[in-house]
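Here the chain labels run A, B and C in written order, and each chain numbers its own residues starting at 1.
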């Protein structure tokens, strides 16, 4: 690694000089970069404020958000969002309020304060800039307020929750997920909303979350099979993983859409949305398996021996000793896969499912909004970038939390 | 000061804790690691196994808790015959504790959790009760204040003492030690050997593979020499170190003296 | 283990507790389940295909294709057979993949090396490039390049004219380009679809290759840098002559997976209107209804491409390994 410039004891001007103009070549590069960057940014700003017509986003925001979900049933989605916000606030607060035994608790660390500001800003500015009705703007503000309120309350009173109840808290999310499925699709007294009417961000998040949740355990099983001593399990896993890794995702989606009908008796085939969801799951599982495999390889053999010699049977030894360590090592690569999965949902637009990109296409095909490609694509790009970057930050925060050896002066 | 309060556990019908006869082991590549190895260990005995590297002493030790299997011979541990029966093997592992050269503590669990994991999951005991016992054990090996730390924050000697306490928490009948001090810096070897000495004084049945001659002289009831996969000589320490009968023993002793 | 000299015969161990038997029974069980599942699926497949009159065969590949392909390096007419159409698609894919591999590697090496420049702005811009591209879906980037950039290029005399290169909505023209009756002509002309796809793939894969390069260079011990500098070599000289050759050991395997990734990502060409192999194959499938055969051909072709790239990179890997005792 090159020796970095001397740290910031010097004044700003000196530092700038060292970093940008250390040599004549550097100086030239800096000048070129600065002028072109400034020109690009100014050009972008000029276009964004003068020439771009953002009405296309504002007028179609519902379409982008939930596709053609029937208006009379949209209250179910609002309920779901409220529940999700409540659960998120609760979880976040508990995470801060129940610290690990060897570390001091930090109620409102710097990152949290930043997040607080960002959320408040988004809640107020977002719906406003989308020119949503005042009622809906108010709803967003209230939902965000609920999230932050629960975050504060949980952080404050987390210690009062008896230990026995604390163990049941992680169940909150799976239950919520199932509840969410019912709210979206119907059942339990709610009218059925067929999957063909799900679209936009709703469909994207649904497909991504389904695939992420299921590919993780599948990937772990595959990784264990890959390292197994039993030849059938090992070669079976290898075949599966290498087959998936050699195929472009679009080919597998094509397979799922067109051939699944042939593989099942009669006309019995799951809906297109679920076919795609399963293909995404099985696809990602192979890549997660590779990440987990390198995690497993990083766990010393003595760990398993120690666990077995204490009398732990194989499954318990795996669950309590080997996998926790392996998954910590595999965490960055695994979350990377999840981010890729979220991005891969855009391929659903190529097989005719109404994900975010497909909806964008239909919006742009509307004669009223012809030629608005740039505005729409840029908005989508910003949206995806924020989601993926947030996932990346979350992964790094999780890594730090799980690290059993915090630095002494943290 | 005793470590293990259950000093006077009534002897079962078997005073013989380990009985190994004619153990032969071949690795898949054809190399024979154990050639007719034999050993008898009675309750309360401390047996030290010594020998040159590659002599199979660790391999032999690890057959006692089924970490290594063998093709020929018979082995009875704690009255149970070692066979292909998984239930037998699990039962044997519950009664036989092992302390490894590399400690093998679970780095993602705190020291206390390292100790309580197995008793809670395997013996089905109540966590609160086990935690109390674990804290007492940690006190007795001299590191009671480290209970909530993580293994990565402890020194080598402290980690090995935690490993010993972890095995003790399962209340085993026999403790196996596989070169417990070989990976430690010299100044920490003594603290671990002292713990082992106290355990022996409490009447724990121990089989120790080690190079520590002083420990063997002071604590062992019998010292065994292994070479090329065979048990060549067995004798009380006075005779073993001053007047061994086997030529190989004399050769080995001259190398380590 | 065989019976001991001890007298009592041990009772037979039930199978679910038998250490020797259990693994094999488990495997047999799993194998049986998989076999039954596969048999079930295949029998359904055969039955359904027969009912639709589409039983597995490849004879239909000789039938005339009947659909046009927008651009081909291989001469092709709609009257030609399907296999010819697929071959044309495959050539299209190979064209863009080869060009993409070269471009992405160049861009990636530049951006990855920029991470070690002494210029702070350059370092940060390179970092920003990688962080920006990695978090936006490739498909979105491709449609952006195609619809917002390339299709918005001016046409005719208003086209962007650079030395040796003319960028117009009608295409990209390399070499001595001339405007003839409002239509550009040049020795090498490429469609905007090709241009958009290539740009998108190069920019996207370049970011990942930059990370691979950066990781590889970072893996070279710091002492190497220090030794080189103390011998008087400048920063760029150190990078090129001392560090990069060592870094290549780590970089080449990473490049392998990125190259395969690029080859597979080229299948998104349909979003740019470029008739690559997948696009032609899916059209074939939709037209003939022979989806099973088409999928087999698709998977087989991409598998072969992947194997070729891996074989090539393994050869490079061997060249690049340090000669050790």
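Keep in mind that, in the parts below, a residue touches a chain if its C-beta (ideal position, glycine included) is under 8 Å from a C-beta of that chain, and two chains touch if they have at least 3 such contacts.
If you're wondering where the values come from, they're calculated on a predicted model, not measured in any experiment.
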- Message: Centre to centre, using CA atoms, which chain is the farthest one from subunit C?
- Response: B
- Message: With contacts counted as defined, which of the two, A-B or B-C, has more C-beta pairs across the interface?
- Response: A-B
- Averaged-CA centre spacing for the pair subunit C and subunit A, given as whole angstrom: 24
- For subunit A paired with subunit B, centre-to-centre distance based on mean C-alpha positions, whole Å: 48
- Item | Chain centre separation (subunit B, subunit C; CA means) in Å | 55
- Would you pick out the residues of subunit A that each touch at least 2 other chains? none
- Task: Quick one: which bits of subunit B touch subunit A in the complex? Just the residue numbers, please.
- Result: 65, 67, 90, 93-94, 96-98, 100, 102, 104-108, 110, 117-118, 121-122, 148-150, 152-153, 166-167, 170
- Message: Under the stated contact criterion, what part of subunit B meets subunit C in this complex?
- Response: 21-22, 69-74, 81, 83-87, 89
- Mind listing the subunit C positions that touch subunit B in their complex? 1-2, 4-6, 10, 13, 17-22
- Note on the structure: As the complex stands, subunit A meets subunit C at residues 1-3, 5, 18-20, 22-23, 26, 29-30, 33-34, 37, 229-233, 236, 245-251, 254-255, 258-259, 261-265, 339, 343-344, 346-347, 349-350, 357, 373-374, 377, 380-381, 384-385, 388-389, 392
- Query: Can you list the residues on subunit C that touch subunit A in the complex?
  - Reply: 23, 26-27, 30-31, 34, 41, 44-45, 47-49, 116-122, 125, 131-132, 134-141, 143-144, 147-148, 218, 222, 225, 235, 260, 264-265, 267-268, 270-271, 278, 282, 285, 291-292, 295, 298-299, 302-303, 306-307
